[in-house]
Amino acid sequence: MNRQEFQVEITLMNKPAARDPVGETIQKDLLAKKGYDMVFNVRSGQFLSINLKATDENEAKKIVEKMCNDLRIFNPVTQNLTILKVSKS
Amino acid sequence: MTRVNLNGEEVDVELTKWEFEKVKELLGREPNLTEIGMASVMWSEHCSYKSSRPKLKMFEDAEANYDYVLAGPGQDAGVIDIGDGYCLAFRIESHNHPSAIEPYHGAATGIGGIIRDILCMGVRPIALLDPLRFGSLKDNPHSQWLFKYVVKGIADYGNCTGIPTIGGEVEFDESFESNCLVNVACIGLGSIEDFKHAPSRAYNPGDYVILMGGSTGRDGIHGVTFASRTLTEMSEADRPAVQIGDPFTKKLIIEATLEAVKTGYVRGLKDLGGGGLTCATSELTGDGNTGAKVDLRKVFTREPGMNSYEIMLSESQERMTFIVKPEGLETVLDVFRKFEMNFAVIGRTDDSKILKVFDEKNLVVNIPSKALSESPTFKREEKKPDYLDDLLTQKTPKSSLGLDEIIYRLVASENICSKEWVYRQYDHEVGIRSVVKCGEGDSGVLRIIGTNKFIAASVGVNSKHCFLDPYEGAKGGLVEICGNIIANGAKPMAMVNCCNFGNPEIPESFWYFSQAVEGMNNFCREMRIPIVGGNVSFYNEDDVKKTAIKATPIIMIVGVIEGEDKIITLPFKKAGNDLFLIGETKAELGGSEYHSLIYNLQGGIPPKVNDKKAKATWDFLFDLYENDLVKANHDVNKGGFIITIAEMCFNNNLGAELKLKGCYDENLRDDEFLFSESVGRFIIETDPKDYKIIIKKAEKFGADIKKIGVLIPKPEINIKGLKLKELNLNIKQLKNLYDSTIPNLMEI
Amino acid sequence: MTVKLAVIQFAGSNCDLDTIHVLNNVVDGIEADLVWHNLFKESKYDGVILPGGFAFGDYLRAGIIAAHSPAIDEARVMLDDGRPVIGFCNGFQILTEAQFLPGALLRNDSLKFICKWVNLKVENNTTALSNKMNIRDVLAIPIAHAEGRYYTDNLKELEENNQIVFRYSTENGELTKEANPNGSLENIAGVCNLEQNCVGFMPHPERASEAILSPKRTTHGILFFNSIVEFIKRRIS
Amino acid sequence: MNRQEFQVEITLMNKPAARDPVGETIQKDLLAKKGYDMVFNVRSGQFLSINLKATDENEAKKIVEKMCNDLRIFNPVTQNLTILKVSKS
């Protein structure tokens, strides 16, 4: 079995009910500083880029999913996890 | 940069022609690139003090002349014996340039650096203080950005490492707009035994040299050269990547280091800061009169393929060097293992007095240990700036504003208003020592658990005063900072300073530095306050306006209070009590907040220090304290005496009835009396029954004292006896203005 | 009788020594050990305290990495057999991340670290941390945190089960928005598990147990420690 | 000129040469200790999803770049801005 290196990118974002003060503040700053009134919404989150060894993309993704669930990399009470991308690195 | 011929090749080096020749002479051969790199960091202004050293020499030898000084200038931190087997280590440092381009990490790593300096003395860091300077926040997003992230950087780093930030100060002045000042101070507490265990020297041949902590990366190479030039001299591309702070690793380094020192096997300790491994190894061996063999490949690096130059010059954060007795090696390493810290035994000391660095088998550095730790110096020219004479004769213009209106404006000025926005972000209570906390007094007061002893610390200086007269300004800074701890009941024990000035190669800038140093030196000798350390930051220039920052010789004083009942606090306590103004008020509005805020005027006659009077005032106060006669005390500074009274009214819903007739020199105008920033004054609250004894004592000591009024149970200040008219001030309104200024500027 | 408590020292704890000082030198009836998180053995102790600080730098999320420490497995044994498992500040964050306690602690709504004295209203006085108090007592105590905004998607259940132990209030016990320093849901400052032996809250009782440290010379912090002692005594007898 | 709604997703990460203590600690103190030793590197960053009105994707991207610089949402001295995705929303 040949193991290769993959990169998996994920984001953790607060669920709407848990609010997102970072996004809100940036948005507020934008409006205050004018000129950026074309921006109507900002959401913030945490981004993690994970490099790992796996046999294929599918396995890489599975490992990251399991890891995120088992280790509570994201807190299911307040956050959503999104896997943005899996690629060879 | 100088272009030199090195082994037949033309190369640019960060040395002057003269220094390059000096390296050749010291080695007796052509240096290689790594050796040149090492010489250039060690001889940079930042590490070698080559411009400032000749001047700083005038400070008396504190270790020799004060029996309680255990370590004086030249060590990583000053150390004093405070009795009961305890010692205090403290030091202050600047991190101006990194903070000006990356406020968050610049300030954070500044805290990281000063913590390491204290840790080097073998004691636990227990407090931080942060004197800061920015351009005005008003309508200035750049200043707001710097201010916000500097404070956040200090908060995140200090809070995470569990060291309370117990005080500081902030000044806003346009001269700091592009080159902000971020000075940070740290105080450490330990037993005298701990301190003696771990000098920053390698005295013994045969000891192990161990590197512990973070890994070595390419970051921050030539950071010290960056600090040794003005910001414009280095383009964006030249700027070394600002370091990323890692307070979590630092916290572990603190605990691991203290536990290692406790084993008794650590024989020397040195942090890796500016100059990295070069500075640490050459100072340890140079100052210890030994030599060492070090293998670079043992160093754990973050990136593959780092060459010897990069490893020797990296300024990666969060690293410490230990010199360890051979028989204790495993014990010490076990401590590091417990904390899961990275470490590497990188070499051993010997008696060769030569630092030999190997890259595996290859000898890449071969330098006499002392060659680099003793650097050449320069004599700089000094010249008093021409503009000063004009400034000093500037007169206060006429104002259409009423005195009460001016007072309401002053209390809301950026420089006078509450700094709560700052210190709420600092965990100023962790460590459970903070007794007088941020905002509760003129200084931070900490208890020493297990004793009935307290220490007080304060930092600052008035940059506007120093701009007009650096000699008197520096002395005035000492009077004010000593005054801050005295107001809380502490006796000043020792001083460290951080000199922030412009380019020393410009005679006018160097004049400021020179004058300030003389002022500090003369006053400290007169008052018997040992100067136990300092730091110099030159090249602080506004790259847009091409002018230097206002001269800022920051002063830090620590003192001791013997007993809980001897702690004095700021707020007024009880209606009916008397109010006294101690010290003389003169027509000294030069550099005052009043001149700058109301008239946008920089000039006028700045305050001048009368050493004898200052001494008399202090002795008088200590005598009052001895007899428990003082209920509240606050020293008078920015904004003048009326602002001081207002601040003392803010907490307990009290007010004051002032009768000022005969309380001041008849030649003074009302505004001069109210807003003068004459130094060395205090407002005290006392019990009316003690009136006579207080006046008698003042006479005995030759202190100036005037009863100016009484406290009333209403939140207002009524002022009678001025020449122009009576005033009535509303405390609630004053307090609202005082509290809301910075939040309004920062949060909207 | 003295009760034996462990104070866990995680990598990055910073109120550990403060807590030990108060347990051993200020309050009566407790003997406490400072225990490195990898070395903790539950069998020697009547209860455990997770102190404040920044365990593992609070990197990723306050408390999450510490929640995976071996110390938590040991603490779980104590949790299950009813011994007190208590968390202050970072300790509370760890207990929620370890799912000993419901909910989560999010960044303060001001996005800033806040260090100040607040008032705390007692809502449940039968827990391991509050049995020496009266319901509706208002206590003076400091907070110091950046991630203390309590959130749960199960508020109703918490209320029904009486799991809300403390709320931020005014000096007079009113639950106003101004009295809420960090934007916590319903001013919640501390919660407990169903069995009430596990309690966590954001403030720092170790900073409020000696008069010299308190703005108004109160020592309300002691009540929390006395409650732990009492809880253990009742449990044993 | 017709303005439409776009979503721009960006990340702000420490430059590769700079350290990332958050990622390092996640990898060393969490993943490695919990048996996820196939993961050899983690880098963390901030993720922002920005909704705005613009004439086309290119303009949307330009606005976001300018905004991040002007408002100091990131500092180019230590961080890199990466635009992950621009899409119609």
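Letters are used for the chains, namely A, B, C and D, taken in the order the chains are written, and counting of residues starts over at 1 for each.
Convention: contacts are C-beta pairs under 8 Å (C-beta built on N, C-alpha and C of every residue); 3 or more make two chains touch, one makes a residue touch a chain.
Every value quoted in this text rests on a predicted model; they were computed, and no experiment measured them.
The greater number of contacting C-beta pairs, out of the two interfaces C-D and B-C, is seen for B-C.
Taking each chain's centre as the average of its CA atoms, subunit A and subunit B sit 41 Å apart. A straight line joining the Cα centres of subunit B and subunit D is 37 Å long. Residues of subunit A found to touch two or more other chains are 33, 46, 71, 73. Looking at subunit C, one finds that residues 11, 56-57, 59-60, 64, 68 touch two or more other chains. In subunit B, the residues that reach two or more other chains under the touch definition are 141, 246, 248-249, 340. By the definition of touch given earlier, these chain pairs are in contact: A-C, A-D, B-C, B-D, C-D. Remark: subunit A residues 3, 5, 11, 13, 23, 26, 29-30, 33, 36, 38-54, 63, 67, 70-71, 73, 84 touch subunit D in the complex.
Residues 14, 17-19, 21-22, 25, 46, 71-73, 75, 77-78 of subunit A touch subunit C in their complex. Within the complex formed with subunit C, the subunit B residues making contact are 152, 155-156, 159-162, 246-249, 251-252, 338-340, 423-432, 434-435, 440, 447, 449, 564.
By the touch criterion stated above, subunit C contacts subunit B in their complex at residues 11-12, 14-15, 17-18, 21-22, 36, 52-54, 56-59, 112-116, 142, 144, 146, 204, 206-207, 210, 212-213, 215.
Residues of subunit B that touch subunit D in their complex: 101-102, 104-105, 141, 145, 214, 217-219, 236, 239, 241-246, 248-249, 302-303, 316-317, 340.
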